[in-house]
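Below is one structure; the comments refer to it alone.
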Amino acid sequence: MENTLFKGIIAYPITPFDEKEKVNILLYKQLLERLIVSGSHGVAPLGSTGVMPYLNDEEKQAITEATVTQVKGRVPILVGVSNLTTERTIYHAKFAEKAGAAAVMIIPMSYWKLSDDEIVRHYDAVAKQISIPIMAYNNPATAGIDMSPKLLKRILEIPNVTMIKESTGDIQRMHYLKKELGDSVAFYNGSNPLALSAFAAGATGWCTAAPNLIPELNIALYNAVQKNDLQEAQKIFYKQIDLLRFIVEKGLPRAVKAGLQILGVEGGYLRKPLQPLEEHEIKELDRILQLVNN
Amino acid sequence: MENTLFKGIIAYPITPFDEKEKVNILLYKQLLERLIVSGSHGVAPLGSTGVMPYLNDEEKQAITEATVTQVKGRVPILVGVSNLTTERTIYHAKFAEKAGAAAVMIIPMSYWKLSDDEIVRHYDAVAKQISIPIMAYNNPATAGIDMSPKLLKRILEIPNVTMIKESTGDIQRMHYLKKELGDSVAFYNGSNPLALSAFAAGATGWCTAAPNLIPELNIALYNAVQKNDLQEAQKIFYKQIDLLRFIVEKGLPRAVKAGLQILGVEGGYLRKPLQPLEEHEIKELDRILQLVNN
Amino acid sequence: MENTLFKGIIAYPITPFDEKEKVNILLYKQLLERLIVSGSHGVAPLGSTGVMPYLNDEEKQAITEATVTQVKGRVPILVGVSNLTTERTIYHAKFAEKAGAAAVMIIPMSYWKLSDDEIVRHYDAVAKQISIPIMAYNNPATAGIDMSPKLLKRILEIPNVTMIKESTGDIQRMHYLKKELGDSVAFYNGSNPLALSAFAAGATGWCTAAPNLIPELNIALYNAVQKNDLQEAQKIFYKQIDLLRFIVEKGLPRAVKAGLQILGVEGGYLRKPLQPLEEHEIKELDRILQLVNN
Amino acid sequence: MENTLFKGIIAYPITPFDEKEKVNILLYKQLLERLIVSGSHGVAPLGSTGVMPYLNDEEKQAITEATVTQVKGRVPILVGVSNLTTERTIYHAKFAEKAGAAAVMIIPMSYWKLSDDEIVRHYDAVAKQISIPIMAYNNPATAGIDMSPKLLKRILEIPNVTMIKESTGDIQRMHYLKKELGDSVAFYNGSNPLALSAFAAGATGWCTAAPNLIPELNIALYNAVQKNDLQEAQKIFYKQIDLLRFIVEKGLPRAVKAGLQILGVEGGYLRKPLQPLEEHEIKELDRILQLVNN
């Protein structure tokens, strides 16, 4: 089934820059490779973690191509193609399909609050132009729009919209999706601190930047759930929750970048206006990472 | 340990009235007996479900005494003694202790938003006057105050405050409590639709009015968690979620009253301004109860 | 017209207690007299400022009677009679009418969120038992319920509900009331920091505890608006805004009590859980009062 | 003084497209001319109304140049140059200055919530590259970030940040700005339904798309305030409030486009995902415009 293309841990790479804020493709491939070899079940370039909205068209295309080249079919690829205009969204969705993505992820980015009808037409216009599945992504914190369960249900009537990524942080949304949509639609958790609750509620996968820093714990949580071992899952979850909360609170690209540095991994530079974490924040992260790894 | 006095399903009885809005103690005892024989692990009179704030001092005392008489030691009793003034809270806490309550539950009711210091002093003043444990109750929706995790931590430094009931509906609060307070403090879930997530997060018990209508499912959820069977817990949870959501959305006393009527159980009258559910709401509840019981 | 009973500055007295937390009627009368002689156009005992919800039935009645005795018809009296149950609300509304109140103020206090129908029936049940006008009071921060403009319109269909006090702090509500209800209904501002905007929007009066501390500035603002002098109104408003913000932020009874002390006026004690302001808060208030009076 | 470059009514043109979603510069100039001849005191191309975020670099530059050409110095021009990255913001700010803008408007667009430090550095980096003044724009609804009064104060320490546009819809923010910053900084209202309150609070100007539809009423409100005639201002405000609310609720570009059509003015096409208003919405707008013009 299309909706089981992705499951388990779907890892989000960062997009590293060089000193002059140019995308560093070579370093990107190295960081991506870390995610694959550490056992992630899928990868998702050009997500929020990958600062997709800060990249121009050429840069996005270079990242997509580099991902396909590096992955070499080892895991399925989910490419973020969201854009403020429908025309540019279609453009990048077609590019991703042609390049070899397994699916595309689309959040209805908005400057002006879009009506439900505008959002449905937006998804529909893109869906008509590609053959691969679409993961509809709900995240009011970054998109400025909160797609209601009712709207998501409408969007899921579009044939190749087969997956939902839920990042409101409200577990009731997942209960609703599971209850209303049953097994015909896979839903994915995009809210890191909800990882345990979401799996308990029946999420098919977890979309997360955490494998850049703690892949073993992320994968162990999924495995415990697969083994129906709630006590083990709870124990593993509480080992990583401080890290999950920290990276969400500080912003994923900045926090992952700082974490890589602590781990001794080259993570490149950020693109402005993003700035490195403050010294005291880095110390806090250092402390959290040491506790996590004990 | 004091903090394991209560565990599992702590059932909240309604307070039934007669036609003239007088408390009907005889009927109260019958409704309470249903909760005990159906297997609840504890009972909690004078909660929100029992419309405690709508009762005068004499009525509250009559309910407390009737509960002790009826329970006859079969399960522990948690009596709600919250009041706007510190003086009245102390009065009812002492009464409950003397009558035979195992513990009292206290929410910092507020008309004026209380400062953290005022809340701590309020709990402290009550705690000094009784020997039984206190369950601190956080529920911004009814109290008008949201006690921060930091404040709860301060309150827990008071020796006989040993339990927390969390009803914000935010699972992250429970993660925090579990992580920060470890096993020294028991926390209880007071948000019905969070029942699965809360148990997954390590809640010791579930404070709920649902056993008035679906005791078997409530207890079965707890049992599945005790057996470490996540898949079974998930299945049982999704069977009852529509009912849990309904009773919360419509208000517990009104919804329980309507549900009892559908089940053919006499539930008495409500006290105004509370009114019976509308006809269409009763039909919806009827439909939900039929699905639940299949 | 009934709806012009009250206009201008409607002053809210505090309820002072003695050392043992008993209501101090003698001191209450002195504090009330200050409000009258300083020029307030009406007085409103048993409001939030008067900690009405913290008083028992006998105490409320004593305050009502003391107010009528002291005022001696010099200004109209608006008595707060809100209660969680409909029965007690009726009881106090009838008492107020008999004692000589010009009108009663009713907020739909709620523990359980009331439905629109429940709120309308509540007002209707009270209105049927008295002949004096009712001011419907909307204040989600203290009542836990936010009456929508649509609901307020329904309540205003009850014949003796002729005034609305709006305390959401959202000026758009007043725009709506003025636009929808025209001149047939008087609306009053209950949000101190909105005083200028509300008068600019057409509010008939300002319900405020500020005259306990700065009556001249409160009255001067109203007078400037009456004279259609916007620039003067703006100037006077900015002179008092820091004080208005302070008393709202700290809670009216506590802030007024502290302010009286600074002004050298005996204000009695608070009833617990309310505690006096902290030392640093009192210093801040002192600084604000000195600036205001220059 | 630099901060009085703009005052009164600063009108926001829409950006019209042709059938194929290309920017229609000729039509843009005609629509801009309407704003100038109807008496607006300034114009602001590339605002939210002008769907700036939906335009690519070349399109933005064409609009800027067309504005300068058309205005011919008759009114000052405020060009929107906000961008997700600091580098692109600088690029467009420099372009606007060179083209002849009187000032630029910058909102800290964010995908990732920016820290206060990141925002200050962003403004500072742009400010250093241009000589014309900057209007800092706060609008959490479109930017996803709410700049606190404290942060705005920091930004205003940058020499050529001399104006603030406030669009939170909270009049208290303007009170704070006026009180804290005094007369050294001009603040502008960007929330249409707050027009009366904002002028009453001392706003120097009103940034609005309304002059596309009802320029006479917008200008009359400003004139009444200038004449210190509060009653007249109130009367004129209530004549236009329904229109102001409608265009905000429906989204400015879509609502202005529909309004132009009703007025018989060619407004071009929208760029997708934006869609024309629904039929019933157009009827409502028609009714409102008829009432307004009587």
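Think of it as A, B, C and D in the order they're written, each chain with its own count starting at 1.
The rule is short, and it goes like this: a contact is a pair of C-beta atoms (placed from the backbone, for glycine too) under 8 Å apart; a residue touches a chain by one contact, two chains touch by 3 or more.
Just so it is clear, the structure is predicted and the values come from calculations on it, not from any experiment.
Farthest from subunit C in terms of Cα centroid separation is A.
Separation between the centroids of subunit A and subunit B, computed from CA atoms only, is 38 Å. Averaging Cα coordinates per chain places subunit B and subunit C 35 Å apart. With centres taken as mean Cα positions, subunit C sits 52 Å from subunit A. Shown for subunit A are the residues that touch two or more other chains, of which there are none. Judged by the touch criterion defined above, the protein chains form a single closed ring in which each chain touches exactly two others. Contacts between chains, counted with the stated touch criterion, involve the pairs A-B, A-D, B-C, C-D. Within the complex formed with subunit D, the subunit A residues making contact are 21, 48, 51, 53-54, 84-87, 108, 111-115, 117-119, 121-122, 125, 141-142, 144, 251-254, 271-275, 278. If you check the complex, the residues on subunit B that touch subunit A are 169, 171-172, 175, 178-179, 193-194, 196-197, 200-202, 225, 228-231, 233-234, 238, 241-242.
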